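Here you go, one structure.
Chain IDs A, B, C and D follow the sequence of writing; residue 1 opens each chain.
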Amino acid sequence: MHFPIKRRVAVVGAGMTLYRRRLQETTKEMVFHAVKMALDSAGLTIKDVDAVVGGSAPDLFDGIHMKGENVITEAGGALKPYLRNFTGGTTGVSQQINAWSVVASGLADVCISVSWEKMSPCHPHPQYAFWTIFDRIIERPLGVNLVWIFALEMNRYMHKHNIKKEDIALVAVKNKANAIDHPCAQLPAKITVEDVLNSPVMCWPVQRLDISPPSDGASAVIFASEDVAKKITDTPVWVVGVGRCEDTTYWMNRDLYFPYYAYYAGQQAYSMAHIYNPRKEIDVFEIYDPFDYKELHHMEGLRLCGKGEAPKLTREGVTQRDGDMPVNPSGGLMGVGNPIAAGGGMKVCEIFWQLRKEAGKRQVKKDATVGLAHAWGELMQGSSVLIMKV
Amino acid sequence: MSLDKISNPETIKHWTDVIPPEYVYTVGVAGERFFREIKENGRIMGTKCSKCGCIYLPPRIYCEKCFDYIDEWVDVGLKGCVYAYTVTYLDVDGSPLDKPIIFAVIKFDDVCGGLIHRLGEVEPEKVCIGMVVEAVFKDKAERIGSINDIKYFKPVG
Amino acid sequence: MSVKISKYPGVGLKEEDIKGKKVLTTVWPCNLKYSWSAGVAVGRFLTELKNGKIIGRVCKKCGRILIPPRMYCEWCWKSTDEWVYVKDTGTINTYAITHLATDGVTRLKEPMPIAVIQLDVPAKLPRFFAGFLHYLGEVKPEDVKFGMKVKAVWKPPEERIGSITDIKYFKPV
Amino acid sequence: MEGKIGLERKIAVVGVGWSGFKPFTTEEYRELIFEAAVKAYEDAGGINPRKDVDGFIGVAEDLWEGISIADEYYPDQVGAVFKPENSVSADGIVGFISACMMIQSGVWDTAVVEAHSKISEVLSVNDLLLFALDPVFNRPLWNVDPKTKKPVGGHPYMFAGLEMNRYLAETGTTVEQCAKVVVKNYRNALKNPFAAYGSNLTVEDVICSKVVSHPLKELDASKFADGCVVVVLAGEEVAKKYTDTPIWVKGYGFCSETSWLECHDWGDSVYTRISGEMAYKMAGIKNPRKEINFAEVDDTFSYKELQNLEALKIFGRGEAGKFVEENLTAIDGDFPVNPSGGSLGQGNLFCANGLQKILGVVLQLRNEAGKFQVSKAEVGLAQAWRGIPTTSGAVTILGR
């Protein structure tokens, strides 16, 4: 990584569908909704688009093999360069890195990046598809469930830093409350810490209200080169840093208390964006929060606070919308819903809207000029980071 | 650096398993109307873009050329012509079929798209590109709102 | 959300809408069959499990013992060097107590403790250790502790098939 | 270090490695990848991926592996742990292009692309092909037996049958000409030491083989193989550090046609035409037939080779069959096509097909192809398709 990035790339439009447990729309229709809204908001037509990047997580949710091929036309990719990025849970942000490179390399001037997930077709429950993410021979025969590994990680994290469940539940309370102002949100709610602690246990220490729901939904953003961006908008949101990192597949061979993958992905993005103190230099954060503790875990990984200090910041209200370091003002996956890839896509949309001051009721109090979107996934091993600036 | 390989066939190990989820797909907003028309009225309907006039079959909620929403529905009729066909002699697992299946891409006049379906009431040797065919529906009572409510397409005349 | 956008598309459905056939659906039971090669490393690992032993691979450069074994050290990026048997005892690195079955909806009658077992193997790099995920047995869920010493309980030799489940569970010692 | 950014930045293939290319392999797929990666890094002057490589691109499609999120199992065996890494679910050439774009956008100098196939592990390939169809309008034409859970209602190769039928009708190409492609590629494979399916067939053998879906015969379809290809790419300034024989990327293109099979142009390979045009424009090629010396194009089905050659404008529409009959595309012909044996001769590697084509081109350009070396190899073209029932393809042009 030696070269200066000369060709600047901006995000110029964003769109998303409602996030719901079940949508009537087919995958194709959902994708069209999101792409259409994003194009409209950028004031572009399909003729202006040079390339399309799709992003979606396991085929076993939608129940369509090679599902990237299933939405080409709807994504605007008919007779155009089209590719699907797929890195599990991190897809929503890692696909933006792909889309960014399509424009930054000079191949395209305008690139649509659409992420979608339709989890509802999978029966008896979308959770079942997650069984197939595990090692085929040494884990699946144990009947592994996705929640297991998060419970293991959460427990280790709590044990290492002596964190109480009450502190972690605060994240669920904050995010679900934030989601009340999000028009697409699936599970907005005013809840208390007690509600979280009294909800049914899924896999101790994870309880129902610690988890984000399975969802159907799609979101899209438009990337444009500097020339195009300056022509169509006064407030392009520039992509200034990208980072992506993956740890070893063997999650059971490493200490889970600290997310080194988030640390290294963050470092890459920070160095590209010339950010030395992310806590001070970045104004608004969308951090991947499929489980409430993950938000805290990743805040530490992204160097926003020291190891084990994130619960304290949450307790003090620093991460609230009106706080000094707003985290997940959208409501995050806990509140808005978690259609895996589109969950990350939603975070990029939110940063775009926050930096353009278009977030309405969700607008953070401080004057936000730099924002960070983060997604995490796979076997608790990968992270993608995107830093944007107005 | 050395690369160990399996040299004793008795040590080759495999782990056999299945991926078992079941899937229930909604047919979508456009599909809902399309299949209800087939089920209740025995009509094949497409959607039309009021801007460019393009008619889509299977119907969609948008025009791919104008990239905008569309909601005008038009009856495309039951007759189309064979655009491409193939006579399949093997089943999915590779075993021979009792009776070969003729698949065809059927195009309708002035319609973008068409339907992929089976042909019936015709010998494989008689099928040709350009042949005019017509949809044969199941009895109304048997229809469930699926592409299979059309039994097959048969040659006309 | 963009203040300019007034309406977000999407038609939400309830479970009853689909079960009660208020909307049309198509179904597809998928039953995809696979026969995965265990390969050199895991193949040997399974064979040794059948013999009631746990085997790992050694990377001489970083000194790690890799369990589950693999033929390459991802850290030094070189082939691993030799096989080594290790004891079937270890400590609990982290644990959880599951109330859910594999499919994600069925609730288990008895909550079951599971753990990442850190096998008793010298750890050369502090972040890494040898071990795997397994069940815990002969212990009440509330009695499970971090750092607890555990030992594998094996199935009788005639029931072993060369699978991770040849170990019934790990129990405290 | 200062250098050119954007499409002006020249990129070279500095190392290639492969493993497998056999109908059945006993290694786990990650062990296959490791083997290919060792070869590729050695080929690139003995680089150490932990130090010398800036980023990695993986190519995988979940259900060909039987794993959801195949990307999880990617980093260890190529040396990508804690390094920038991205995965695409597309053809190998698209992965290759993704790596090129990352290098040209200036974030990486050296990149590794990996694609593999372990198709021997998939016991229900045909079920899986049906699983790729639109679940509302196409897939219900097949029924699933509720007891055995096996789909019935016709071999999925019927989609290739439809394409072949339309292609033959539109261009006047004959089944004999398609059979000639099979004969040629299987013969070429005899000269290629790592091709699995080399054999000495006749046109009659092909035409008299079992009909799968008229007009497609059993031998018109390529058989499957396991294998892995790893390619190391580097920007101009660093490429020379690693190798004396850099193979330059002159142009690339990729394209998808439609997600509706009903709208697919069954007689033409539109995606190949557009990706070809894109690549020619980038490479400044006006007359592909003259300016390119040989090609490795998709031949997962015999007619595809002809259709793709025409879409690439190497031959006029409807002429490819004739030229194949005249042996113009043989190894010693005027314009050799698939001298390595292609997918017919080496086996269909699914996601890895594209990288296998690139491997074939690189070996020719370096004059390392041995018995299947073509006489003139200055500029070569690699093209791949994702297979039925998709409409996506990619092209890259490489040169000395």
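Criterion: a residue touches a chain if its C-beta (ideal position, glycine included) is under 8 Å from a C-beta of that chain, and two chains touch if they have at least 3 such contacts.
As the structure is a prediction and not an experimental result, all values here were calculated from the model.
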Both-way neighbours, i.e. chains that touch chain C and touch chain A: B, D
Please flag the chain sitting at the greatest distance from chain C, going by CA centroids. B
More contacting C-beta pairs: B-D or A-B? B-D
Centroid spacing, where centroids are CA-atom means, of chain C and chain D in whole angstrom: 35
Please tell me the distance, in whole Å, between the geometric centres of chain B and chain D computed from their C-alpha atoms. 28
Can you check how far apart chain B and chain C are, centre to centre, with Cα atoms defining each centre and the answer in Å? 41
Multi-partner residues of chain C (at least 2 other chains): 11, 13, 18, 23, 26, 28-40, 42-43, 46, 70-71, 74-75, 79, 163
Which parts of chain A, given as residue numbers and ranges, touch two or more other chains? 22-26, 28, 60, 63, 73-74, 78, 121, 124, 128-130, 132, 136-137, 248, 250, 260
Could you pull out the residues of chain B that touch at least 2 other chains? 1, 3, 5-6, 12, 15-17, 19-29, 31-32, 146
Could you draw the chains as nodes, link the ones that touch, and say if you get a line, ring, star, complete or other? complete
Chain D residues touching chain A in their complex are 1-3, 5-8, 54, 60-63, 66-76, 80-90, 94, 97-98, 100-109, 128-129, 131-136, 235, 253-260, 263, 270-271, 274-275, 278, 386, 390-392
Counting only contacts in the complex, chain D reaches chain B at residues 26-27, 34-35, 38, 63, 66, 123, 126-127, 130, 135-138, 140-142, 150-158, 161-166, 169, 210-216, 260-263, 266-267
Chain C residues touching chain A in their complex are 1-5, 8-15, 17-18, 23, 28, 30, 34, 36, 38, 42, 45-46, 66-68, 70, 74-75, 93-105, 111, 114-116, 127-135, 141, 146, 163-165
Using the touch definition from the top, list the residues of chain B that touch chain D in their complex. 1, 3, 5-6, 12, 16-17, 19, 23, 25, 27-28, 31, 57-58, 83-94, 97, 101, 103-105, 112-118, 124, 129, 146-148
Over in the complex, which chain A residues touch chain B? Could you list them? 22-26, 28-29, 32, 36, 39, 45-46, 60, 63, 73-74, 76, 78, 120-124, 128-129, 132, 136-137, 140
